[in-house]
Each structure stands twice: as C-alpha cells, then as structure tokens.
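In order of appearance the chains are A, B and C, and numbering begins at 1 in each one.
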Amino acid sequence: MSDARVAVRKTYKLFIGGKFPRSESGRSYVAQEANVALASRKDVRDAVVAARAAVKGWSGATAYNRGQILYRVAEMLEGRRDQFIALGLPAAEVDEAIDRWVWYAGWSDKITQVYGGANPVAGPYFNLSSPEPTGVVGLVPPPSFLGLVSVVAPAIVTGNTVVALAAKDAPLAAVTLAEVLATSDLPGGVVNILTGDPAETAPWLAAHMDVNAIDLAGITDPTLAASLEEAAAGNLKRVVRAPLTTPDWSADPGLTRMTAFLETKTVWHPKGI
Amino acid sequence: MLGTRSIKTTAKAWAIDLAIRMVDLTTLEGADTPGKVRALCAKARRPDPADPTCPPVAAICVYPAMVPVAVEALAGSGIHTASVATAFPSGQAPLEVKLADTKAAVAAGADEIDMVINRGAFLSGRYLEVFEEIAAVKQACGTAHLKVILETGELATYDNVRRASWIGMLAGGDFIKTSTGKVPVAATLPVTLVMLEAVRDFRDLTGRQVGVKPAGGIRTTKDAVKYLVLVNETAGDDWLDPDWFRFGASTLLNDLLMQRTKLTTGVYSGPDYFTLD
Amino acid sequence: MFEYAPAPESRAVVDINPSYGLFIDGAFVDPADGASFKTINPASEEVLSEIAEAGPADVDRAVAAARAAYDKVWSRMPGRDRAKYLYRIARIIQERGRELAVLESLDNGKPIRESRDVDIPLVAAHFFYYAGWADKLAHAGFGPAPKPLGVAAQVIPWNFPLLMLAWKIAPALAAGNTVVLKPAETTPLTALLFAEICQQADLPPGVVNIVTGAGETGRALVEHDGVDKIAFTGSTEVGKAIARAVAGSRKKVTLELGGKAANVIFEDAPIDQAVEGIVNGIFFNQGHVCCAGSRLLVQESVYEPVLASLKRRMARLRVGDPLDKNTDIGAINSAAQLERIRALSDIGGEEGAERWSPPCELPDNGFWFAPTIFTGVTQAHRIAREEIFGPVLSVLTFRTPAEAVEKANNTPYGLSAGVWTDKGSRILWMADRLRAGVVWANTFNKFDPSSPFGGYKESGYGREGGRHGLEAYLDV
C-alpha cells in the first residue's frame, strides 16, 4: 500500500455573477481530462442577466478604481502562475498574459484622453466627446490563454461587462482565470465565463437582445461566423468579426479591441454670461 | 416539489398570458403622483405596445388619493381599480378612520379594496376584534370587492396564516392576500400553499369561493409559473382565473413580457424593448 | 395689423434640367435599361425633373469606375492634392450656396431659411474640415500611415440631402477612398448638382459616382462584391437588413439610424429658452430629423407653465411655402411620409393621448402637416416609442432626475438627448447617464463638422464628424 497522498481534485464549474454554479442543465463533459460544466442556453441567459446587472456599478466606477482592479488581477495571476503552467501552458504565454493585464490596467484612465477630446465647433459652445462603454459584450475567445486574456481585458477595462464562452477544448485555463478574477476585487458579474460548446451557446448570445456587442475572435468556421453576425444584426450589436487567419496574440494589441466596444458621446453646452 | 413541474411550451405561453391577466399592477409609494399613476394605467391597458395580442392586466392598485386618476385613466378598459385602505400598510389607526378611508376610496370609484388586518389584535389573540373589523370594512365596501391582506410576514407561523385566512373568509373577504409588500418577508410559495388549502377547504365547507393574491417579491416568470402550478395542484383550475387569483406586483410584468417575446421571436429579449412605467 | 409680406426667394437662381442621367466616371450617362422616375416639389406636387433609375448593371459600372479611380488615381495621389480638390469643392459650394439652397428647398420642402442658413453652410464647412485632414492622416491617431478602405458605397436619406452627402463624401475622399453614392429617390437634385460641382472642380473621373434610384438600387449597391465599405443613414429597419446582408463579408459598415430622443426639462430650466429648444428640437426641418427631440419629458412641477408657453410659441409658427423666408415649417417630404405621420398620430389619439395643434391654414396642394403635440403620453404609447419623423411631439412627465434618466433611456434607440436645467452639476450628472451619442444641454439640434455624431444601441454604429469620422473610412 502506497503512502502517497490522495489528491483533492478540482471541480470545474461555470462563473456567473461572481459565483461558481454548475450548469442549470446539470450537464458536463470531459475536456483536458477533467469534468467540465456544459453550459446551456439558459446559462447564457443567466450570465447575461448577471452581466447587465453589473454594468451600472462597473461602468460607474472611477477609471482609477478599474485600473487598480485590473492590476490586482495581474498580481493574483502572478501568484497562481504555476497553476496555469501545470495545466500545460507555456510559461512564456502565462507571463505574457500577466503582462497584458498590466498593460490594459494602465489604459483605464488614459483611453478617454486618447480617444476623446474637445471639439472646436464654429460657435459659442462647449463641446466635448468622450468614450463610454457599450454595455454587455459577448465574447467568443480563442483557445489560447493569452488570446482569452487579450479579448477579456480590453472589453472590461473601459467599463463593459462580458459573457465569455470558453473554447470547447481548452476550458481549464478559463475556469482557473475565473478563480483569479473572483479573488481580485472584480465585482461579481463583470466577467462571466461559460464552459461548453460555443457552437451551441454562441447563437443564443449573438441573438440576445440585451447584449450590446460581440467579439468573434475564437470562431474559425466561416459559416458559423456569418450566421452569428446575422443574428447579431437583430439589435445592431457592435461586431468584431472572426479573424481570417489565426492572430498572433503576442503582438502589440493596439487600441482596436478597446475602441470596438466604446461609444462616443458628445456633449454640447452654450457659452454665455 | 409542486414548483418543479415542467410544462409544455404551449402551456407556458398560455400561462404567461394568464399571469399577465392576473397582475394587479401596483404603485404604492409616498412619491406617487397623477403622472406616475396615469403612466401605470397606460401600461395596464397595453403592457406591450408593440404587440396588440398581449392582454391587459387585471387591475391597478394604488393609494386612495390616486383612485380618481386611475378610474379616469382606465375608463372603458375593463381593468379594475384597486385601492389599499384601512391605514395601509400598518393598519394602526382607529376603526372609524379605517372605515372612512375605505368609504372614501369606494366613493372615488375603486371597485376593489385591499385592506390590512389588525395584526396587533391578531397576535394578542383578539381574533374577534380582527373578525369584526374585517366585517365592518366589508360593509363599508358596499359592492366593491374586498381583499384581506394578512401580512403573513408578520404572522410568524403557518398555523397563524391558516387561522388568519379563515377569519378573513368568515368575515366576508372576497380575496385573501399575503402581503403589503412593505415588510421584509412578502409572498412565499409555502404561505400561498397554506392559503390555497384554506380557500379550497372553505369552499368545500360553505360553497363560497374566495380568491387568493400573493403580493410582493414575485419578480420572474419562473416564480409566477410556480405559483400557477401550485394553484392548479392545490385549489384546482377553478382558481386559474383573474377573478380568483391575482399577483400583486410591479416588476413581474416586464419579465412576463420578456418571456412572452422570447416565445414568439425565439431570442432572448432585453429591458430596452419594454416600457418602464 | 402687423401682417408680414410674402418674401419668396427667387427660383431664378436654379436651372433644373428636364431629365438627369447617372453620374458615373465623371460624366452623366443613361441607365442601361432606360428606367426613370420623377422627382417632385412636395410643396406643390409639381414635377421637377425626370431622374434615371440605376439598375444592377449601372451599379456595376459605377463600382467599376470607382475601383479604377481608386487604384489608378485617388489612392496614389498625395494627401495634399486630395485636400486641394476638397477645398475647391468647398469653395464652389460656398459660391453656389444660394442656388443649392433654393434647389434643396424645392426638392425637399424644407424652409429656405433652414437650407440657406443651416444645411448649405454646414455642407461647405464639412468639406472644408475634412479637406484639411487629407494630408494629416498620419497625425489622426490611427497609426503612422493609415490606409483607406477602397470603394465606399454610401446610401443617404431625404431629410438633409446635400448635408448627408457631405457627411459621407468629404471624409471618404479625405481618407483616400472613392465613392458610389445613392441619394434618396425623393431628393436627388442637389446630389446631381453636386456631381456638376465635381466636374467644375476637375475632380478626377470615377472618384465620385452618383447613382439615383430607390431601395432596389441601394440594395444592389450595398450588396455589390466590389465595395469595401458601406455607410448608410436611414431607418433602423433598413440598417438591420444591411447588417444582415454584410454578415460574413469583410465590408466595413457604419450606420446612422433612427432615434426617439428625450428632451428633458427640469423645473429650474429657463422656461422661455427651453421652449425655443423644444420647438427647434421637434419642428426643425418638419421633424424629419433622426435626432429630433420627439419625446418631451417635463418635470411635473413645471408641466403647466411649460405647456402654456409651448402652445403660445407654436401658435406663432408659420407653416407654408418653403421658399418664403418667413416660413418656419415647410412641406412634408412625400405623400408616403405624410401618410406615416398621419397614421401614427391617429394611433396616438386612439391610445388616449390628447392631441393639439395651433390653428393654421395649410395649402391645398402639396404635403402638409400642422405642428402637433400630444399630451398625456406615457412610455406605453406607441407615439412615445416609435419614430414618427414628423412635426409631432409626445409630452411625458417625470418626478425625479433618476426617473427622467430611466425614461429617457427606456428605448432601443440612443441617438441624442436634450437636458434643460440651470444647474451645472445636474447637466453633467445627466450627461453621464443618458445613453445617447449626442447630448445637447440647454441647446438642441446643433451640428458641426468637428463634432462627432452617431448613436448608441439601435441608432447605429460609427461616428460621423470630427477625427472620429475618419475612422469609418480608414483600415483601422
């Protein structure tokens, strides 16, 4: 009889509204040699409700506060670095993902100045344009962990809340990231992560009338991409299309993934005495 | 257990429309104004302006001072005007004030009165006083229907809920209602079950049917359907009718409308597509 | 006693051809199948001209011309030279301003005071503004060498015909794209005059192509495989159809769609000033404005005085001949639009709202609708939810700032909003919470080429105007 300790295994669950429920459907599937919750359309619905409820608080938080929380995510991720490596991720990718959180954390209180500004209108008016979060953003992240971070962080740093459908065959890093997020002072509902089959759940997310935008980064099937875009047109979601080729997520991300989910609001007021 | 019945999609569509027809659309705020009440009445008539097939609600429920506004705004619609009365929500006023409150609301045009029972007297064991007060209010109502609010959140036990239900029915109440919505614990399924059993037994014994109205805390379609299943299983389908079962609610209606739209369009809807009033 | 004399602007400054072809590759050409339609003066129903109707073959030809001009000329031209063409165009528009204004009022029905003082000056300003960007794109914040997209398909509405053309063409050309633009079928004339201006400016052939026609022409254009970019202004319904049609393609899309803007009047607002803003918000351009302040939200405590002032002010509005300089409200643009306004207004009455219009005499010929307000309206009325696109105002009330925000935002649209209050902190509080692309505080319906314009939610996506407006035409 061996005296090796019997390991305590982890149950991989969904992440909705800051909690870790099982799928309402009671279903699970095996991925990366673990049992993982298989989300249903009703889990999508619940996640959207949680994301919507979180919009007011998160978008109303100060940019400084959001930046601090994203930085906190980086700190927590750094502390759990080995957990991600143990899932089989290259150490370099985990490090890059940590650095990406730091990079986006800093944008929280800078994007407004870079992307907004005063407008010199031809009249006695104060006129200012500033970016605001779009609202609830649906994400279909790519299987790569760095890719996942690279679509979640830019969406939330500006005040959006997200429902992310983790890649079917690579859910463990996504759930582990959810555990990081849950311990990073990020308010519940700002990030919701559903494991399962995006081919099953994404159409519900794309068609949901209370979702304002969708990022199809992880969709590789052009037919599915087209049908999701079509569904997204039902309430004119802002759409980031599926990439034509696999993106290099380690490249400089630029601003587009932030600006894709920003609305520009322009305020006018007369000047006078 | 009864709440977990799964129902067919067609039954669900029917249940949603029934639930909409059972809603007493309620605003009971110190901040109520004629404008607010008129807005609510418009919503009562056309819960979903974009869909003419959507039925209207059962009634509007307001404070007595707002009854004339509601009556005018609902004229010709067939929607009832319910008024709370008898020093709602505490009921802590002399009987003559409660009766005057009731008469004023009826005179202003309310055809349903939602009274509160005297919980102080009830909890002190002065059941006769509770009974007589209800009977007096019933008389003050004239032809208006009387809903007796038990405020079950303050009655502490199911035995008390059953006892209060019987007092309310024996004293002449046309409906027994769970709650004012003004105390932390409002309608719950177990309390409603007790009340449904009471109205079932009361009819078996007396031949008179009394309605039930859970109020407060029912916010989702899922909740409403659970209540309807409970009605069906306990009191029977005689009660599956707006004349005999109501929901006292304000936010429930929009969730019902959203689920209704989900059934017709096949996609999940959002609050932007439904009116706030 | 104090009668105003009729003050009609002379029609002599315009010279309308009996018929127009399509403007493709720098020349007016006949459509492949010879189809045509008439454009009329909505104030008199007089036929103004016979307009070619572009079919798929014509659209093909226009897109090919735009592609050739893009590949061979425009994308290779230094920015400073593109700038000079745009400056030329701006100057010609200024010089021919009166002619354009009269033609716009004739074809559209809008008062000459508006076309002369608002539309056409803004058109010139828009070309001037974007002309300056053409050689400064590297400094616009989109990287050191932002690239144009290629051929832009642009479809515009009839409410501000030439201004919408300017909003589309100026940034597209500045960024280095070439365009095929379809004006609305009821208001093609100023776009065709603009084509002449392009000729006059010696703009290289094919850089701007104008294809006239109705919905089918527009559909052929946006669905054409040869276009890289679609810019559409119009109804939310058509906007959604376009978004569906481009699904799976790589076409970049910007949409500027409908609205149901709340104009919020707080109790501390300067009432007379607010009433001017309300009137400007809903009766400007006969209410044919996507950002019109069509839902008036008045704080209950000032409802009576605001309504009294509004009615008094409305009684002074002059409805009639668009070419009369004294006219405040001109003709409804088309019989179809008039029918829609009537139908929705009738529904407003049937749903129990109270309708009021000042006494006003409407001409016998043409399409007219008196300025109208509905009181007793709530969010549950269709006239508070659906865009009427006419001189019809729905009046609602609110109690608290939070309720005003809730009601203002309780719509699938999010194009614009108005706030009237004397309290600065409240303006900023409201502006933060209103989900709309433009918030006018203590003013309404102000536009400027440097100021981004566009919607949230179902009012569309992308911005027109300002540095932001360039993004729609660059590969970023």
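Simple rule for what comes next: a contact is a pair of C-beta atoms (placed from the backbone, for glycine too) under 8 Å apart; a residue touches a chain by one contact, two chains touch by 3 or more.
Labels paired with UniProt names: A, C = Aldehyde dehydrogenase; B = Deoxyribose-phosphate aldolase.
Since this is a predicted model, take the numbers as computed values, not measurements.
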| item | value |
| --- | --- |
| Furthest chain, CA centroid comparison against subunit B | C |
| A-B against B-C, pair bridged by the larger set of C-beta contacts | B-C |
| Distance from subunit C (Aldehyde dehydrogenase) to subunit A (Aldehyde dehydrogenase) - Cα centre to Cα centre, in angstrom | 36 |
| Whole-Å gap separating subunit A (Aldehyde dehydrogenase) and subunit B, where each centre is the average of the chain's CA atoms | 42 |
| Intercentroid distance (Cα basis), subunit C (Aldehyde dehydrogenase) paired with subunit B, Å | 49 |
| Sites on subunit B at which at least two other chains make contact | 271-273 |
| Subunit A (Aldehyde dehydrogenase), residues touching no fewer than two other chains | 234-235 |
| Subunit C (Aldehyde dehydrogenase): positions in contact with at least two other chains | 412, 457 |
| Complex contacts: residues of subunit B adjacent to subunit C (Aldehyde dehydrogenase) | 31, 33, 35-36, 38-39, 42-43, 45-47, 49-50, 73, 271-273, 275-277 |
| Residues of subunit C (Aldehyde dehydrogenase) that touch subunit B when the two form their complex | 300, 303, 351-352, 376, 378-382, 385, 396-400, 406-407, 409-412, 457 |
| Interface residues, subunit B side, partner subunit A (Aldehyde dehydrogenase) - complex | 266-273 |
| Touch list for subunit A (Aldehyde dehydrogenase) against partner subunit B, complex | 44-45, 48, 52, 204, 207-211, 231, 234-235 |
| In the complex, subunit C (Aldehyde dehydrogenase) residues that touch subunit A (Aldehyde dehydrogenase) | 125, 141, 236, 239-240, 243-244, 246-248, 250, 255, 257, 412, 414, 427, 431, 434, 436-443, 446, 448, 450-454, 456-458, 460-461, 463, 466-468, 471, 476 |
